[in-house]
């Protein structure tokens, strides 16, 4: 196996951060085509602190763990939700951001709570943690029209479909969804008070590279303490929402 | 029946027909001979509106196919062409149809003959052309002479007023050639007018009422031969 | 030169050659006539190894193309075939090559003639076949007889020991036919043996040393005509 | 996923999902085929028409359809048309885009096939007095059909694989099922399985095409 | 994105990225073309070979390549081959998979073209004593080339659009650039722009193909 099991990422001079460059505002491309975002700034800060050269490698999100395992990238760092399933495949850093799976409908929708979703078409991003979160609430999930969610390549497409009236609600990461709603006009949408639970973002590293995980957590804590993290969070979200 | 005056046709720079004049009476059999490349095929194709000519007049059975360089309307063209039959130098059989299907296609589709009647007539024609055994063969299974006879049969089944043959006996043996001459003669007695291109002088003399010669795009000899029947 | 014994060939159920025996001397010109569908083309194609026969012996210039139903080895076949020339009923010209290119292809590629020499010789042949003006034309621009003459020229340029013609004059006028007969005769005096299929008895008598007839897959008449030169 | 045993267990587990994906794939495939082939014939006729306008319009249509990615066409039909008030269902949108796209491809194939028929065949039909309609449907088209069978076969096989593009509409076709499972279980195994399913599918289709081609071999 | 003014501003802003994507697209396109056409000729010869083994192997190769989605082939080359110790770079992996895949498609096209040449042409060459090599390269292949130009043109246009599949390796080709921008700005405008770029690209390519076809029109 080509996995770099014997050596630790920590020993490398260059770190490759894998990200889906369409994942605003965590990691995406700006108008000039530069890779930017909250997670990108975090990674850069970490690299500076530890004296590592940071490279960003865009990947297809559906290939992320495969990319990590194959050694093409060293981190999955892109609004990567910590789940039990994923823990079996990667080692997570400590959680650094809280997030919830919120439900959005059009402003004039009659849907007020999860129970109202019965028999309705619900959209989400394919292979996102939103799907995992919904699947956990089996009863609600199976009450959807078709017995499951309709999954799209991106949250943007799910929202477009919502506007076209072919789906009745979208479930997604709060952080991502708020970004889109801000773009498309807040007045068009309604965010329900109920959600599909809280979860946390972490950084994925190779499963057996505990040395790296330890070093990561230590460095993060120091950056949190010295205000680096706070500054970045304020830049992207207007306030410090990190752990 | 057929009257051609001042017919001119060029391919690019080369003028192939240089003012052809020709007259054919009803029931007459006219043979056109002449050296290779003289324009015989082009003339026959022009009469069938397969080549567009540059100038001249073509009158068929009192109707103008072309009048002083101007072609008839689409509807008229269609009517005129229905009267003409043609056997190509290259046969142009339909490869996906059997011998019989090739022959009955036009009688049934164009003239609305009942299929059984068309088949019966086709079999008669195939009979005296010695092709009875091949009626269900496809063109690719035929010898050169067999293909040629099918092409003749297909044209005959149309019972046209004016029939054009381009080298109809090039692949036929003398016995069959005689047979074809006989068929043409008997049809001409029933009123079919015939134009034949051939290099086979034996055949020409057997079939023709009159033989003319064309060379270098012009009729050079209007009366090589005349069997005297028509005059 | 050529010796065929007991040659048999079937297409599916139909036996087309039913035990053909034939002998051709060096320099002899043999004309094969016979009714359409008799198996003439098939015989010629068999000699050129374009059809695989079922039984019999074909011996060419002392070498066995086929010996009692067994074909020669690949290498031998190649050597034997280099000696034979063939003009097809359907010409088989190469459409993407000009007349001149069609003719010089084999001399330059197979026999390694210098290009200038091959062109010179090709132009000579085109000259006495009346095609000088067409040397740069492509096959689709030629009339039927012109194509046929190019096919003849292409085969002649090979200077084969044994030449096979399948209806070489079907599209030629009498003057050209005579010309072709003359060319064949003069080459036969230089030692070329010739097999000709034709329906044109005039041409046959002018060219042939001997005429035989084939019908229904068997040689039925070994001496229709003999000009007495060879015997 | 250890060894052959693991493969079979995994295979059995995955099968129901794969079958579900297969059904979606086959639906898009089948309906597209049924709709786009006649469309292709019509467009091909337009392309060959002597009326300049029809000629020109069908030409532009073909160029646009073949000149832009099918994925984008699906996106425009599904997400774009609602902006101007035309809303398709998920499946109908996919079908609509696929039919328009494949209609253009088939049109080009048919046009080329029809063009390849020797002029002698037209002339033969013309001097027999056959109507343009008869000439086309009884003489030219049957012969063209034989010639276009191989390229049509190619297109059919491509269509099977192109159905995967409906993932963009949230339809769970074969490949998407495989990608989801591959990502979930961090193994390439589901993709291997999906590849095998495609292989079987295309194999069957090409056998069918060969059968049809053999049927047309009665003449040369 | 208000009106025509907005479009032009947006267009200008997006252009540098689009150009970057175009470069990636054109690289994959160009290299694949250069490598896969000769490969296609070789495989086609194998397919027509009288040696059963070669025939059979090339047949299987073609069936696998055409029978499974190119996307999966890319995934297998990039993620699968490292498992058996063969590691490609991102771009080389893409190129390798594309070449293998398009080689198979071109092979089928060439084979069909060669098959379509009349047996009379082989016979004509044979009785002239031309070697099999000369027969192929001087008589058959030049004529086949003329006939395969339209299907090759189709494949070339398809290739331009298929380059979009390298998104799976994270390469920033044209379509991905469009999708990212569309996603970021929550508008379909970038996709419209990308579609136009594809249209221009394929238009230029088909003009080039038409030129080449015209060059071959000197004979019929």
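Lettered A, B, C, D and E in written order, each chain numbered from 1.
Methods note: a contact is a pair of C-beta atoms (placed from the backbone, for glycine too) under 8 Å apart; a residue touches a chain by one contact, two chains touch by 3 or more.
Note that the structure is predicted; figures quoted are calculated from it, not measured.
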item: Chain labels contacting chain C and also chain E; value: none
item: Graph distance between chain C and chain D, where chains that touch are linked; value: 2
item: Most distant chain from chain D, judged by the mean position of its C-alpha atoms; value: C
item: Chain of greatest Cα-centre distance to chain E; value: B
item: Rounded Å distance between chain B and chain C, as computed from the means of their C-alpha atoms; value: 30
item: Between chain A and chain D, centroid-to-centroid distance (C-alpha), Å; value: 37
item: Between chain C and chain A, distance of the C-alpha-averaged centres to the nearest whole Å; value: 81
item: Chain B and chain D: spacing of chain centres that average the CA atoms, whole Å; value: 46
item: Shared interface positions of chain E, touching two or more other chains; value: 75, 79, 83
item: Residues of chain A touching at least two other chains; value: 63, 66, 153
item: Junction residues of chain C - those touching two or more other chains; value: 90
item: Interchain contacts, given as pairs of chains that touch; value: A-D, A-E, B-C, B-D, C-E, D-E
item: Chain E partner contacts - residues on chain C that touch it in the complex; value: 48-50, 78, 81-82, 84-86, 88, 90, 92-96, 105-106, 109-110, 138-140, 154-155, 158
item: Residue ranges of chain D in contact with chain E within the complex; value: 63-64, 66-72, 75-76, 79-80, 83, 105, 108, 112, 116, 147, 150-151, 154, 157, 161, 164, 175, 178, 188, 191, 194-195, 198-199, 201-203, 206
item: Chain A-touching residues of chain E, taken from the complex the two chains share; value: 13-14, 16-17, 20, 75, 79, 82-83, 85, 87, 90, 167-172, 177, 179-186
item: Chain D - residues contacting chain B, complex; value: 120-121, 123-131, 134, 138-139, 142-143, 146, 218-220
item: Residues of chain B defined as touching chain C within the complex; value: 11, 33-37, 41, 89-90, 130, 141-146, 148-149, 167, 169-177, 199-202
